[in-house]
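Below, subunit A partners subunit B and then partners subunit C, in two separate complexes.
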Partner chain A sequence: MNILDIRNLSIVLVSGNKRILAVDRVSLSMKEGELRGLVGESGSGKSLLAQAIMGVLDEKWIVDADRFHWRGTDLMRLSVAERKKVISKDVAIIFQEPMSCLDPTTTIGAQLEEAVDDEQLTGYFWQKKKQRKEAAIKLLHKVGIQKHTFCLKSYPHQLTEALCQRVMIAMALARRPMLLIADEPTASMESTNQSQIFRLLASLNQLKNMSLLLISHDLENMTHWTNRITVMYSGQFVEAGTTKQIFSTPFHPYTRALVDSSPYANSKLEPKSYLSALPGSIPILQHLPIGCRLGPRCPRAQQACVDAPKAKNHHGHLVSCHFSLKETY
Partner chain B sequence: MMPLIQVNNLSKEYKLPGYLFNRKTFSALFPLSFEIQAYKTLAIVGESGSGKTTLAKLLVGAESPTTGNIKLNGEELQTGNFKQRCQYIRMIYQDSSTTLNPSLTIQQLLDEPLKLNTALDENERSTLISETLRQVGLLTDHMNFYPHMLSGGQKQRISLARAIILKPQVIILDEALASLDPSLRSQMINLLLDIQHQMGLAFVLISHNIGIVKHFSDDIMVLDKGKVIEAGKTSDVLAKPTQRYTKKLIMSQQFQQFSK
Partner chain C sequence: MLIFTLRRINLFIFTMLLLTLLSFSLSKLFPGDSLINLSGQINATAEQRDVLAEAYSHNDSIIHQYWAYLTHLFDGDLGLSMASHLPVSSEIMNLLPATVELSMVSLLIAMAIGIPVGFIAAVNHKKFTDNAILSIAMIGYSVPVFWLGLLAILVFSIQLGWLPSAGRISLVYEIKAVTGIQFIDILMSDNEYKWQAFQDATAHIIMPACVVAIAPMTIFIRLARTSMMEVLDTSYITAAKAKGLTFWQIIYRHAVRNALINVIRHVGLQFANLVTLAMVTEVIFSWPGIGRWLIESIFQRDYTAIQGGLIALSSFIFIVHIVTDFIYAGLNPLARDRKHGA
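Take a look at the complex of A and B:
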């Protein structure tokens, strides 16, 4: 069963009397225990999508969707309070730059204990303090921190970035979520630490059957960890499929360009030769092209591209392009 | 062929606070030597705190070395002689949006190194700026723009323009490609390769990304805690790493290979 089912989600930014379509009809569905990657360059609306799922966007943003289901309940019909209740019970999110997300004035221990839910504690009120502390220690063990006494006593600045991210993951795990959204969890981290965090997330996904939505701007990093990938560009849905489909037979010219531009993917490439690159740069929100937003940069663009294409399904490999590369394989 | 830049026994120690009998020093960089030819790229990889940035600072002259010297074309570079050094060794930083002065236009930004280092008059400077802008793939019109009006990739191009405007011989790229989006990054790599080919520059590339290092560099130097633990041709070192740290670094950026 799909735990998360989003069909044609649009997010509109209202500024003054102008309406900017920041995310344009994006679909995303997640099965239980799935590890999905969401890839897009800066300004592609991937963080907005994550925030829309969490329901933390303020009134400047208008979220609209044909279908927005969380485990069978329609989130669009619920009131804000009800929705918050449902989401905060089952979904957790971690952000990039963990150091800046943790409270610098409080110890890690106090922050972790705050995250532990009252319902999980059994016993009388005088036993609760001790139980809370034990729960915090248990959470730290879950994310692979052995030195819990040191960690609980220290402030965020005393720990390394990777440790802080582990603490963030521990906080996210406190309510035993069914879905964890990791919004660029390893940005600005050393590559050895990066792989540690990815390995932890992958093992949580395997052991606890927790679904994981991994958001990143870099396609390269994702391939090793994800089963399925969704690609976005400038707020539009581009392509979705299994990691293998996306990598060996990308149907969309943009995905093709992303795969080709990574020196890692083409190991046969001569060193110091030119990489294939799309011309131009990512459009800014104020000047979005009409129709397919890749249009001005796309090597295959034709007249039909001024109308935004609809997503087509080829055996579970979704692509939204009028002139997909399917025939070329 | 004479190497373009030659580094002998370069090292850096920092004094830690302490009194007369309790003086301690911290060695950020142990003595190291290397040389780079024109048209070549040296990649420096290592964890944070391994002395990569210290080495970059020493090369560019922002810090004075404790021991050793740097020779450019056989001529020794003195510390503190910025006239000589600014001309030939330039640096590009990681975050281009914070290294450009937001209150100056692109023309003023690029004018500054010219005013300080050359004897050109205003018209010559202005033509040189527009030439350089075209060389990095921007337009002459961009001269009147302010940095905030440009996108991230364009700002990084301005940083590159600022680096090459004095016709240097060495450019140091301190994580200059890390913060760019993948599609812009490959554009930037192509541009850098192009400029290297045209001007015969030597690059010192400081990077985490093994993929880029593999593609872009000729030689590699792996630093760990201020010591060189492995050095040599990039293809050799990456194919057969001997040190544990290098292996770990390569393993951590494993890439799932699919048969095409």
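Take a look at the complex of A and C:
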């Protein structure tokens, strides 16, 4: 059963009189215990989508969806406050640059303790303080931090970036979430720390049956950890399928280009040959092409591409392209 | 924290040395005999002059003269006032507490009202409340303090008759000056009319303190507003939202402290401005403070008083500066173990 089911979610940026469609009808669904990757270049609206799911976008952004279900509850029918309540109970998020996501003037201990919600605590209020502290120490152990006394009384700037990300994960685990959204959790981290964080996330996914939505622009790591992948480009849905489908038989020209540009994901690459890349760069929000936004950069673009294509389902492999590469395999 | 304290003390000592250097050079720069400017004895006979020249090492090099001046300063001897022939130090000791009292009360009013109002404006950003607060702050900032003082006297003292227009306390109360700070003295005295005296002193301070507080308050409003808006935009606030905290929990636990840090930084800077306003206000409200005395001394060309008042006022401002630095360090863990920077 899908725990998260999103159809045609759009996010509009209102600035002055202008309305910019930052995310254009993206669909995403998550099964229980699934580890899904969300891939796209920077500026493709991945983080926006994650923040829209969490309901933490500010008033500048308007979120609308045909279908936005969380475990059978239609979230679009609820008010903003109710939606936030439902979501923050079961869904947690960790961000990139963990150090800036921790309050610099409060100790890690205090921040961790406030993340533990009251329902997990028993007894009277004077007993709760101690319980909170114990819960915080347990959480730190869960994410592999042994020196809990040092960590609890430190301020964020006294810890390393990787340690801060572990603390963020601990904070996310405090509410025992069913879904954890990891928004580029390892950006600007050393590669040893990167793999440690990914291993921690993967083990949490397996041991606690917690679904994980891993957002990254890094295809290399995706192949190792994820079951399924959704690809986005410039705020539009591109392709979704199992990791194997995406990497061995990408249907969309953009996914094809992504795979070709990565020496790890593209195993068919000849030694010492050039990596191929699409010409140009991702369009800025003020100058978005009409129709399929890949149009100007796409090697297979034709006249029909000025109309945005609808997503087509080929045995669970969704692709949104008029001229998909399906026939070429 | 020890190193932080040592650094502040170091800074204090060197700034004070520079100040004494300035005030010493003033005695040379003012017209007339520099020895008379230092000691203030305008009618000295030839013998007295010789004694003074000996005491201030006036026949030695300029470094000796400066050293002699410093020794006198540390002995608490700032010379005699040229106008009143009283020791400048005792005049300052009589007058400075009144200014300390007035400026501290104004600072408290300005902070206690300005900072929360600024936070409220930031929380209601782009709504009517925000615009209203901002425009009122703009008006408050533009109003000249002397005009406001006169207007306040006209309305509250003369037309409505609610508050007294001049002085620190009514003459009927006899309070022995121990610390010089009126409120502490009243509370320490064993007068049976203590509470009436307290009320009377409060009634006297309200109007001048509010008049002084208006301009700094509007600055605090704007500082608090910008700083709160910056904090609300940071990613740790977004992260706290995602954690499931309610809006007021976020404001109370995370936003207020971080926003306060930025405001506290500016309090020390604004304080110098506030003291200048207090000097003008003292004249209007006949407040027996050092500002009024200093302005009068300037009119009377009382050079010793100008030098002494300068040192007293600037050390007071500097001490407040250092105290705010300590509060800043207490609130901000990042500042506590910083290695460099003043």
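One rule holds in what follows: the second predicted complex is superposed on the first by the 321 of 329 C-alpha atoms of A that agree within 3 Å, B and C clash if a C-alpha of one lies under 4 Å from a C-alpha of the other, contacts with A are read in each partner's own complex, and residues count from 1 in each chain.
The criterion applied here is as follows: a residue touches a chain if its C-beta (ideal position, glycine included) is under 8 Å from a C-beta of that chain, and two chains touch if they have at least 3 such contacts.
None of these values were measured; they are calculated from a predicted model.
When both complexes are superposed on subunit A, subunit B and subunit C fit side by side without a clash. By the document's definition of touching, of the two partners only subunit B reaches A:Ser262; subunit C does not. By the touch criterion defined above, A:Leu219 lies against subunit B but remains apart from subunit C after alignment on the C-alpha atoms of chain A.
By the touch criterion defined above, A:Val14 reaches neither subunit B nor subunit C. When the shared chain is aligned, subunit B comes close enough to touch A:Ser248, but subunit C does not. Residue contacts after overlaying the shared chain place A:Val306 against neither subunit B nor subunit C. By the touch criterion defined above, A:Ile290 lies against neither subunit B nor subunit C after alignment on the C-alpha atoms of chain A. Set against each other, subunit B and subunit C touch different numbers of residues in subunit A, with B touching more. By the touch criterion stated above, A:Met54 is placed in contact with subunit C alone, subunit B being left untouched.
Once you line the two complexes up on chain A, you'll see the smallest CA to CA distance from subunit B to subunit C is 12 Å.
No residue of subunit A lies at the contact with subunit B in one complex and also at the contact with subunit C in the other. By the touch criterion given at the top, residues 41-42, 190-192, 194-195, 217-220, 223-224, 243-244, 247-248, 257-258, 261-265, 267, 269, 271-272, 274-279, 281-282, 284 of subunit A touch subunit B in their complex.
Subunit C contributes residues 234-236, 238-245, 249, 253-254, 257-258, 261, 331-334 to its touches with subunit A in the complex. Within the complex formed with subunit C, the subunit A residues making contact are 51, 54, 56, 84-85, 88-89, 92-93, 95, 97, 100-106, 114-115, 117, 155, 157, 168, 171, 174-175. The residues of subunit B lying in touch with subunit A in their complex are 41, 47-48, 151-154, 181-187, 189-190, 193, 208-212, 214-216, 218, 234-235, 248-249, 251-260.
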